[in-house]
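Alright, structures below, take your time with them.
Below are two complexes that have subunit A in common, paired first with subunit B and then with subunit C.
Presenting the complex of A and B:
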């Protein structure tokens, strides 16, 4: 049985917390909980509280669904919880945080590889034409 | 064979031929119903009129709640065993308390689905960031699942592949709300009975109006285009076939009466009321029209009459012994209806005929009750 969203993990008030993605899916089917937990604790251990979920596999309409309990996220941020980069990226995309630099990097790299691929294709076509002629 | 086929086509029956075996003929009897939906999309919003106290009272009275139908047996789904009825001896006070409880329960069961204007599309762009182009090929949908927020106020935004952050439109909002906060009975995909026109028409032909309207209420929001189309077609079908009795004592009669009055199409209902000698309800309907459009000749008179009628009990059939007040009230009603028929009605001759029939029947009743009183020496 799944633990309740309020979590079952014990924690110390003054110890560092982290808001992170915790993988919950099965083999070949990733699914993540966005949870707050003690920073020095494994992802397999009970969490303090679940704050949302993230489904990285696009659904039938080509959408990735993210659920965020913004009220509780604000609470834990106010308590000084750290946010891991993947969660910061998601929160950035949602407009809750500023966009994470890594998102811009990924976008830029994707654009670059796409342009390179197109250039390669054009070159290959040209090479084909020259050999045929 | 050809004659048979042409006759089938004439009867509007769909013929399916199976390719493999030409001899086999499958027929599905269904009629083409060509009703154009009439939705509340004009300039005027029906909500303030529908929710006004005067109109609500009139609509509830026109529903003519019959407890035998309101509390009828429904499916026993969700129950293992049907509860056995309990019989009790009650004092008068206890009986009154029980009746008050039943009234309250009936009010809840007869709560009318709201009639509102069609919704406007949401086109709110929150931010545009072209530097995010190429980040992902899929859309990201973000739902705020904070506890205790109503579905219609929930924050739901999407990040498009071109880097635009925008508020989601109604259909996506509905889907996500249903994903994270499912309503019992609502489906993520539209039921086939609404998407497939043939099945929908078959249901209408079978006069399953209450089923259709109940399911539409559950599946759609009242300001959705699909909901208004479906209910509009259903109401018009009821109106054309004069199946008003099917909706009486249900929560859908009020919106139906409002719909046909709003679109100035209530003469069928008026005729049905006159033919079933419910003149008082006919006056209520006139008053309803005057509340909504204000175009009835001497409509204020009808409104005053409606105030007189509302405290009296519902008369499904006229009692054998009429009191003098009853006779006076009914005569006022008849004269009010006369004026309505002359000035506003679209079916003058039929309604006049029905009214004349009522007049003759009522005259007999009056003579009978006065004679009875005389015979008993109470006159």
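Presenting the complex of A and C:
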């Protein structure tokens, strides 16, 4: 029998732990569990405990749903668990951590590209008008 | 020596279904088509680099503080849990336990009364149902008996007209003495028309005539 995805609860006390996303969906349908595992384990191996879930596909209300068990996350952080960047980003957006630098970076890069696109559009329109006139 | 149980009761299977099955195994060399491909380095401007550095430093500092906070909290909790065996906490626990027991007893009593009521109602319902069933059964039995008695009566009445071996000669004589001709028709008013339009016993008549 396969171990449960919600966690076996078994771990080595002195091994490093990591809170990470573990892909649970199927082909073309990503879905992630936020789980705490031993740091050197593969994502396909049994986890210690599931701490939440993350659905990266927006639903009909254009929401990406995240569930977090903050109490247990606190517990594992107290135990000195490492947090992987994607999880840190999610926790930052949820207000549990400070906003992750990568979130800031993607935000300002997106802003920049958007502004550039707008400038391009305006230029194109101007060029059109000049040719028409 | 590895026992059989280590294989049977291990927490994860010996053969792992690899999630990254579509990827190249680690030990295979670089594909020929990708051998001289030089991946493009990401271009980060000086301004952006400095900003990122600043943000990252801030983040790291804050995270370190948060980590330390949770770690200290855990230690504190642990110490409180360890010191929970003091008299004060014992008394508090006992009080809590008593309160819980009282509440539990109350709930139990309430549930018991509810259950008793429910059981009474159910019993009454069951009795009613059983009585109704018995009545229905009695009625059916009676009906069947009546039906059977009726049948017996009818058969007895018929019995007098039966032809027994004793009466056989008599019946034959009677039948021969009173031949009945069924060759007739009935109209809507019940009037009988005796005789036939077509000769039925022509053959027999001929025979008799030739004999005569």
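The rule is simple: the second predicted complex is superposed on the first by the 125 of 133 C-alpha atoms of A that agree within 3 Å, B and C clash if a C-alpha of one lies under 4 Å from a C-alpha of the other, contacts with A are read in each partner's own complex, and residues count from 1 in each chain.
By our rule, contacts are C-beta pairs under 8 Å (C-beta built on N, C-alpha and C of every residue); 3 or more make two chains touch, one makes a residue touch a chain.
Here the structure is a predicted model, which means the values were calculated and not measured.
Undergrad: Is A:94 touching anything from subunit B or subunit C once the two structures are fitted on A? First, second, both or neither.
TA: In the superposition, A:94 contacts subunit B only.
Undergrad: Thinking of the overlay built on chain A, is A:45 touched by subunit B (first), by subunit C (second), by both, or by neither?
TA: It touches subunit C, and subunit B stays clear.
Undergrad: Please indicate which partner A:104 is in contact with in the superposed arrangement: first for subunit B, second for subunit C, both, or neither.
TA: A:104 sits against subunit B and subunit C alike.
Undergrad: With the two complexes superposed on chain A, say which partner A:124 touches: subunit B (first), subunit C (second), both, or neither.
TA: A:124 sits against neither subunit B nor subunit C.
Undergrad: With the two structures laid over each other on chain A, which partner does A:15 touch: subunit B (first), subunit C (second), both, or neither?
TA: In the superposition, A:15 touches no partner, neither subunit B nor subunit C.
Undergrad: Name the residues of subunit A shared by its contacts with subunit B and its contacts with subunit C.
TA: Residues 99, 104, 108 of subunit A touch both subunit B and subunit C.
Undergrad: Taking the touch rule as given, give the residues of subunit C at its contact with subunit A in the complex, in rising order.
TA: Those in contact with subunit A are residues 11-13, 16-19, 48, 51-52, 55-56, 58-59, 62-63, 66-67, 70-71, 73-74.
Undergrad: Considering only the defined contacts, which subunit A positions touch subunit C in the complex?
TA: Where subunit A meets subunit C, its residues are 2-3, 8, 10, 23, 42-46, 74-75, 77-80, 88, 97-101, 104-105, 108.
Undergrad: In the complex of these two chains, what residues of subunit B are touching subunit A?
TA: Going by the criterion above, the answer is residues 126-127, 129, 131-147, 155, 157-159, 163, 165, 176, 179-180.
Undergrad: If you look only at subunit A, which of its residues touch subunit B in the complex?
TA: Residue positions touching the partner: 52, 58, 61-72, 90, 93-95, 99, 103-104, 106-108, 110-111, 114.
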